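Next come two complexes, and both contain chain A; in the first it sits with chain B, in the second with chain C.
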Partner chain A sequence: MKMKLATLALGAALAAGPALAELTFPSLSYRTGPYAANGIPFADGYADYFTLLNERDGGIGGEKINLIECETGYNTEKGVECYEATKGSGALLYQPLSTGITYQLIPKATADGIPVHSMGYGRTSAKNGKVFSHIFNYPVNYWDGASVGIKHLLDLNDGDLSGKKVALVYHNSAYGKEPIRTLEELAKKHGYELTLLAVDHPGQEQKSQWLQIRRERPDYVLMWGWGVMNQVAIQEAVNIRFPMENFIGIWWSGSENDVKPAGAGADGYKALAFHNVGSDFPIFDDLKTHVVDKGLAAGAGDQLGTVLYNRGLYAAMLAAEAAKTAQEIHDTSNITAAMMRDGMESLEITEEKMATLGMPNFGPEFTVTCENHGGDGLGAVTQWDANAEKWTLITDFVQSDQDVLQPLIEEDSAAYAAENDIEERCN
Partner chain B sequence: MFYREAGDFKTSYPEDGQTFPIKLDRFGFFAVLFIGFAVIPFVINDYWVNSVFLPFLIYAIAAIGLNILVGYCGQVSLGTGGFMAVGAYACYKFMTGLDIWIGGVQYALPPINIFLSVILAGLVTAFVGVLFGLPSLRIKGFYLAVATLAAQFFLVWLFNKWAWAYNYSASGQISAPERSIFGMNVTGANADPWVAYLFCLVFLAGLAFMARNLTRGSMGRKWMAIRDMDIAAEIIGVDPLKAKLSAFAVSSFFIGISGALFFSVYLGAVEVGEVFGINKSFLVLFMVIIGGLGSIFGAFAGAAFLVLLPVFLKNTLVGGLGWPTDLAAHLEFMIVGGLIITFLVLEPHGLAQLWRIIKEKLRLWPFPH
Partner chain C sequence: MPEQLLWGMEVFMNGLMAGVLYALVALGFVLIFKASGIFNFSQGVMALFAALTLVGIMEGRVPFSHLINAVFGTSVHHFGWNVPAFAAILLTMVVMVALAWMVNRFIFRHLVGQEPIILFMATIGLAYFLEGFGDIMWGSDIKKLDVGLPQGINGFIDEITFNLLGYGFFIDNLDLWATFIAVLLVIALVMFAQYSKHGRAMRAVADDHQAALSVGINLNFIWVMVWSLAGFVALVAGIMWGTKSGVQFSLSLIALKALPVLMLGGFTSIPGAIVGGLIIGVGEKLFEFIVGPMVGGATENWFAYVLALIFLVFRPQGLFGEKIIERV
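And now, the complex of A and B:
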């Protein structure tokens, strides 16, 4: 007991939070653990964009940005610790990059009045702003992803999927289970046969799943994977000579890290995307001048232009734009978390805006409203070229099947509202 | 000097046999209780509760539970994560209203008070623990460890697969709705930190008291007899069936309660594979081993060591020294691992034994024989 108290006392002396800055953005990153390969580029992109704003523009609206990084290791307990450690420092926005941690933060952040942006992950029904006041998941969510993937398959088959077999290889967690409902609904509508294949964390062992795929010969395989699971799945698909162009991953299964280990065999593998790929945008020149050349790049600085780096960049851009919107609405540069939330709720991303930021055609145009926290659900398909070692966007941004998704979202958010006694807003 | 034992005479057996026979220890214990119940609730904030105290209190319950099984009864178990999951899911079902389908008709209980839900969750886990403890009657040692490992994987698989257990939610996550005691929220995001802290502390204090007295009584002596030599124990009249299964039941009861608190009060939302995986089983086993097998204090010390040290290191390295987070995270692994080895090499019987030796020295100091 006495030892315990001594340890505590020592901890108390050192647990004091970091100094207050004007605009604080915590970054719950994971640079260690089985998901680090994917966590690093995202965290680098997120940090580099804010560094760029600090260096080039002097912050947002004249206020410097203070980015606090906290290592979660993709672990929910550490995620909670990070949230509690950083929330007192005037945190404006949380982007945990983990569906599990997002689920933890939904009630906590709502109670604390801090917005959460789970961009392309987290709880899908958070799109319904009437129930989820502080949670945003624009521009797309998993159900949009499932629908856009099926739409792509419809395009390939002249609009008819009846009798086709589609298999879903998914991470056996909240994240991987998200698309199942949607795919089942879409199966009813389009008449394909759905097979579900769960892969347990962390996903290094998938022999039996791919053996089953080899036996049942589905026409298409969809994948909801993350971290090392992606690499293993793509390698296994190559091993059983599954036609790669019929293998489509969600946007979290479509980075360079995932396909490179499989070498030339991964050529033609497809993945969904909700933002553009490559480094062919004016902003990368700015990043080079103001961040990389000054030696301020986050991490090893070798991730520029990779898919997940771009995603981090995109996430930071949306956060910065929301902060700008908030500054305009409230007519003050020193915004609080509550103002940030208002800014996110009236965020409008247009082509002109992205072009002035040096990111023309980087993502879809969308508007956030009080009712709709999830954007319009526009996604595209990218394909891997193993020879050139790069991803290319092969379709336009298409909208998901809102007729199917909207009722599901209403249903799920209504269940959450009933469970937690939440009254609908925006009336 | 520290211990002044002169004049501290015992005149009856109960006095001599009490948990803290030395006066100073007794005062120390009451002082810690007083600080825990009457001082800390007034000074803690969200960070301290959610990052330090709740995990410490809850892991301490789990470690006491496992210590009963491994430390006192000598039955190695790697199923702790699975049993914690049973507690968490049982608590979830009780607190949201248990529903049963018989012949197409749904019978549902109303939601049960959170305090009772946690206790009931412990009882359900005790039952499951007895079931998985049955193999211990035939196998022991490493073989039993493997059998309980099977329990671990089976239970995690079950709660991933069995939609009834998570009320058919789309993502398979369970989230604790807001529940209160005496009008104060215990679970959910609006719970005051001190309420959540006290709620767990009451459980820990009660269970630790129970564990200490169980292990001192005839039941504990039977467990220890089985641990030390099962054949000899059987010859002197200890029924191995009753002793082993009661150890499994009591241990699982504790672990189930810790799982229920882990889910409902601490995390609020749980995904079985991630939170109650094999890592959790090892973590709690390490707590027991580092703290000291067969010691209630050891369970506290082990839990404190493995919960507080990473948080302390993180705050020192990242917050204090400003190092990059990934470097700090890697170093943290190395330092914690290194310390575990150092401690065990220096004192194979754990922190509890270390404390015992220090205490012996302190009692004699400054005039050792």
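And now, the complex of A and C:
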């Protein structure tokens, strides 16, 4: 009897398994918990892009894609469990979608030889590929974000910020503190006065911080927020009548979820971005034809074109392009995690390539090398139109101040290498 | 008047307003603990669930629409109508009363006579159940809540303080309304407890379950009533906090703001919840204003819990709690 049951179970598992799937991409998503509203659109965009490739192109290089979704609830322990549970499935790449999970996976994934892509989050100095062999954070990191934000302020002030007051409202966590060093260095260079305003987790009560802003009247406010902190900060800014066009959030403070609760008052609020917004791109026609109309859209299928859906779509596109590069380098369609890493290390995103994919001007052009796992640090600024209820990209993708950032990255990665006895590569 | 003093006064007033909002959450805890000895871990989630239900009804959303669509392949999301705020609040209260009945019928009736820690654990389970249930019922997107309460700076206070003191104070209209509503709520609760038949029965149950039973008080009815009242308080708190930040799952974390208030005010006193809330609100805001800049800020949560801890050491029952006396 036991034997029969075991045979049945094995048969069922084989029947249910993705027999044709060759390229496995785990998706560490969070569709539940306090941050689900942000996790769902990203996970949907990530899944829909791979579904599109399977349906329209037959996968990547003829190999079908097997997406394994694992729920992390934006919880670091669960994220690590997801990694451990899926790494044996032939996983080619992890996008942890959480700085906490990324930090935990840096040593684990490096030891297991599986690449990690923390796009716009995670450890900034992982940009240094000489130290972080399996960690990638292209096309931008938090320090790039801080610099692109200041560059935008420079543009608004004819290149001169001397005497201006800039306040940073930040989540009182490792994530929120990321831009401080960069902003301090840039303050020395450009002569602005920096005020730091920490907000306790989760950020539902920020009266003290915004009363201080009302008293000190900074010219500009930058924000490194997440979850409910964003909505409350934007509402408080509206309440004290802070000019919204002078309030700029990092890309994790710049989705529809963050501005809609404040209604018309949020009009003019700005956020940094590393990919384009909206659904006015040819790829959305393909998504409709091959994914949505066939009833294959992930989740409720109601997130297409939102900021975080586009981010998931963009992340999947970068993963697929790296897989294609790996297939070309190793002349095989059935790549391994080690080959995938090689593909990521040789990834080149050009405007021509994005246009071919139906995503013209969707993100910045950049190149990844053995030494540089972070791309060229190009970011842009978006602005919220409350009447039309849509974000608009209002600047080109501009490069961060590499003269200031590169030494900081070298310093931080060298400290990590010394702590962990890592020998530099790419020599 | 020195600038620092004026700013301090503004911070003090905003602290009072913040304290009222904390007290609104704490009230729900007090009601249930007072009547049944249960520390209701799910009070924050009840506020979330109430606010989700309110928005869902107001916007005419179809409950469980994702589940229905997934099972039956349909695409229903909205009924196609909107419900006025007042009617939606009444309907939400009906849902909260039904929830109170179900909580007692399916959970606490089976746990009569169990240790307090068991009852507490049951409320943890209830919190997780309600959070997931709310997600399935109404979806996890962030919902804008607008029941018509005004938000933003109060122009009258701004102008009058500017004319008198040369500096216009910032007071949020929503906070003023929260204070007004909280005062009404406390008066209504105290009147109910003191002068109504069921209120007196509730107090009798709070004093001694066995004695209350022996004089014919229906314990189940009283518990359903108390959980319904806590549901109503949760709805009010959910409206206030949800208006500030949108209705989202982080709303359940507001319970964390109520704990120091309870530690300070006592778990069994309605006025204690209010006074505790005000002390915590003012204390944390002034501490952040005076000490925060010296230590890098973000001191509010820390200060609230440390202050509550100090009170606990010297007065374990809280400011207004009943003294714990155990006789051999």
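One rule holds in what follows: the second predicted complex is superposed on the first by the 406 of 427 C-alpha atoms of A that agree within 3 Å, B and C clash if a C-alpha of one lies under 4 Å from a C-alpha of the other, contacts with A are read in each partner's own complex, and residues count from 1 in each chain.
FYI, a residue touches a chain if its C-beta (ideal position, glycine included) is under 8 Å from a C-beta of that chain, and two chains touch if they have at least 3 such contacts.
All values reported here derive from a predicted model rather than from experimental measurement.
Of the two partner chains placed by superposition, only chain C is touched by A:Gly263; chain B is not. Once the two complexes are overlaid on the shared chain, A:Arg215 sits against chain C while remaining clear of chain B. Contacts of A:Arg31 after superposition on the shared chain: both chain B and chain C are touched. Judged by the touch definition given at the top, the superposed model places A:Asp200 against both chain B and chain C. When both complexes are overlaid on chain A, the residue A:Asn172 reaches chain B and chain C alike. Once the two structures are superposed, chain B and chain C can be ranked by residues of chain A touched, with B on top.
In the superposition on chain A, A:Arg241 contacts chain C only, with no contact to chain B. Shared contact residues on chain A (touching chain B in one structure, chain C in the other): 31-32, 36, 40, 172, 198, 200-201.
Across the interface of their complex, chain B is touched by residues 1-5, 7-8, 10-11, 14-18, 29, 31-32, 36, 40, 69-71, 73, 75-77, 80-81, 84-85, 87-88, 99-100, 103-104, 106-108, 110-112, 123-124, 172-175, 177-178, 180-181, 198, 200-201, 299, 412, 415, 419-421 of chain A.
Chain A makes touch with chain C in their complex at residues 31-37, 40, 172, 196-202, 204-205, 207-209, 211, 214-215, 227-228, 231-232, 235, 238-241, 257, 260-261, 263, 265, 295, 300. Only residues 28-29, 32, 45-47, 50-52, 55, 96, 160, 169-173, 175, 177-178, 188-190, 266-269, 271, 273-275, 277, 297, 300-301, 304, 308-309, 311-312, 314-316, 318-320, 324-326, 328-330, 351, 355 of chain B touch chain A when the two sit together in their complex. Residue ranges of chain C in contact with chain A, taken from their complex: 7, 10-11, 14, 17-18, 66, 69, 73, 132, 135, 139-146, 151-153, 170, 172, 241, 244-246, 248-254, 257, 285, 288-289, 292, 296-298, 300-301.
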